[in-house]
Amino acid sequence: MTVSTQIRVRYAETDQMGVVYYANYLVWFELGRVEFLRALGFDYSRMETEEQCILPVVEASCRYRAPARYDDQIRIEAFPLLLRGSVLKFGYRILRESGDASTLLAEGETVHVVCDPSMQRRTLPESVTEKIRSAVAEHAATNK
Amino acid sequence: MTVSTQIRVRYAETDQMGVVYYANYLVWFELGRVEFLRALGFDYSRMETEEQCILPVVEASCRYRAPARYDDQIRIEAFPLLLRGSVLKFGYRILRESGDASTLLAEGETVHVVCDPSMQRRTLPESVTEKIRSAVAEHAATNK
Amino acid sequence: MTVSTQIRVRYAETDQMGVVYYANYLVWFELGRVEFLRALGFDYSRMETEEQCILPVVEASCRYRAPARYDDQIRIEAFPLLLRGSVLKFGYRILRESGDASTLLAEGETVHVVCDPSMQRRTLPESVTEKIRSAVAEHAATNK
Amino acid sequence: MTVSTQIRVRYAETDQMGVVYYANYLVWFELGRVEFLRALGFDYSRMETEEQCILPVVEASCRYRAPARYDDQIRIEAFPLLLRGSVLKFGYRILRESGDASTLLAEGETVHVVCDPSMQRRTLPESVTEKIRSAVAEHAATNK
């Protein structure tokens, strides 16, 4: 299961090279991650407040293929790659949409450790765990 | 009393026009404001946690005179303009330093309402109040 | 004529007070401004490259009424307030949408000087001028 | 050769979890990279304009060890790991300074391809190349 989110590049996201500043892709990854969880039925803002469950990032990486430019229509694809105990890994693809064509701009991953608000490791609520496990299996099967 | 803070323009702060994106001046105002409080002996991070005192912004304005560019050496001047009850107003000047010359790039103000963490109005701790009052009076006297 | 743009608050836009950092409202103003121009038929990215016409900000102000929070559904309203020679002024309203209710979170204005890429004053292309003039008149009439 | 840069965490860099938002570490990496080049005698803003030499990022990664918090005194260490043809790789360490103690908060790398302004691969100016080669050798020798 892959969830797509559409955004437009903001002027504030560009730099003087005329392209999107490289750190902003990690902001986009987060947007994709949140929409992925929402598509599973989980509201990250409620997970933080009601389930006492936060997802701090312990690792992030990005490979930049082609630059995104101001006002580009961007598609963010997010999908879970692994869930083992408290460790949750997401993958991302950033694409430029232009008419029917889409161009891969960047790919990346983030690794999270599921924590309670005092930053102690915990596991995800059972209902989330099951759905993410299925999504991981599905992603692995379709990308063999 | 005016407190000066020195920074260098970051690449991330520029936009594709080749100048600093306009919202970033408000970030710089905040840096100046924090250093002003520190110069008075108050650590804003401790004011939040120990004094239960936060300074949400209710108004901000900026006049842009000349663009700041990547790697420019910037001086942020911050000074208090008014303290009346829970209302605190700061003024700012943003200057580019280049050898002996300095060029005014922007000027602005922010208005704050002193609040406790539940966002109820309160007054500043007495010790802060006195020092800010003197600084307001001094600024008014030197800028008549 | 008022143009509305919908966004969701990003995690990156919050600060440790648990609300949207105050400078980000100026980023949102810009999103509204760009969508306003697009609704008139003008693509700001093309105005920069094809029409040699940029809109640097010379003044910006914002009054903050209520805080925006993570994941809030935000509506940005943008409308032109004045066009006189090279000077163009926009107004903005930022609202939180929640079911049928909408809450005013912030209001503001930006003033721009129409410039060519070498930062010399110029006027807007004639076609843009006419449409903005009508929008200014319409806004003034409906907000008397 | 490792170059250290000191900054203080800005309020704008925190998020509602009360720690620095993860994308901002890539901004800090860039500050370290620029100061490293400056220490070698190269001004990145001049490299772009006078030497027609830009350093777009093709890969970035970060491992987060401990959170940075508002107002923390941060030391950014930057050092070159590799220079082969047009490919330049930097390493970074982000530390919190507190009195005599320093705590490792994050580590990372960025990979760059040296380009001219039309994004064609080129090599660094000869003078830069030599100095970076020495720095790479020295770093490798001291970190065996």
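For clarity, chains are labelled A, B, C and D in written order, and residue numbers in each chain start from 1.
Definition applied: contacts are C-beta pairs under 8 Å (C-beta built on N, C-alpha and C of every residue); 3 or more make two chains touch, one makes a residue touch a chain.
Every value quoted in this text rests on a predicted model; they were computed, and no experiment measured them.
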Higher-contact pair (C-beta pairs counted), B-D versus A-D: A-D
Taking each chain's C-alpha mean as its centre, the one farthest from chain A: B
Geometric centre distance via CA averages, chain D-chain B, whole Å: 29
Whole-Å gap between the CA centroids of chain A and chain D: 25
Per-residue multi-chain contacts in chain D, two or more chains: 11-12, 17, 19, 23, 27, 30, 70
Chain C-facing residues of chain B, complex: 17, 19, 22-24, 26-27, 30, 54, 56-64, 67
Residues on chain B engaged by chain A in the complex (per definition of touch): 11-12, 14-19, 21, 23, 70
Residue ranges of chain C touching chain A (in the complex, touch as defined): 10-12, 27, 30-31, 34, 43-45, 69-71
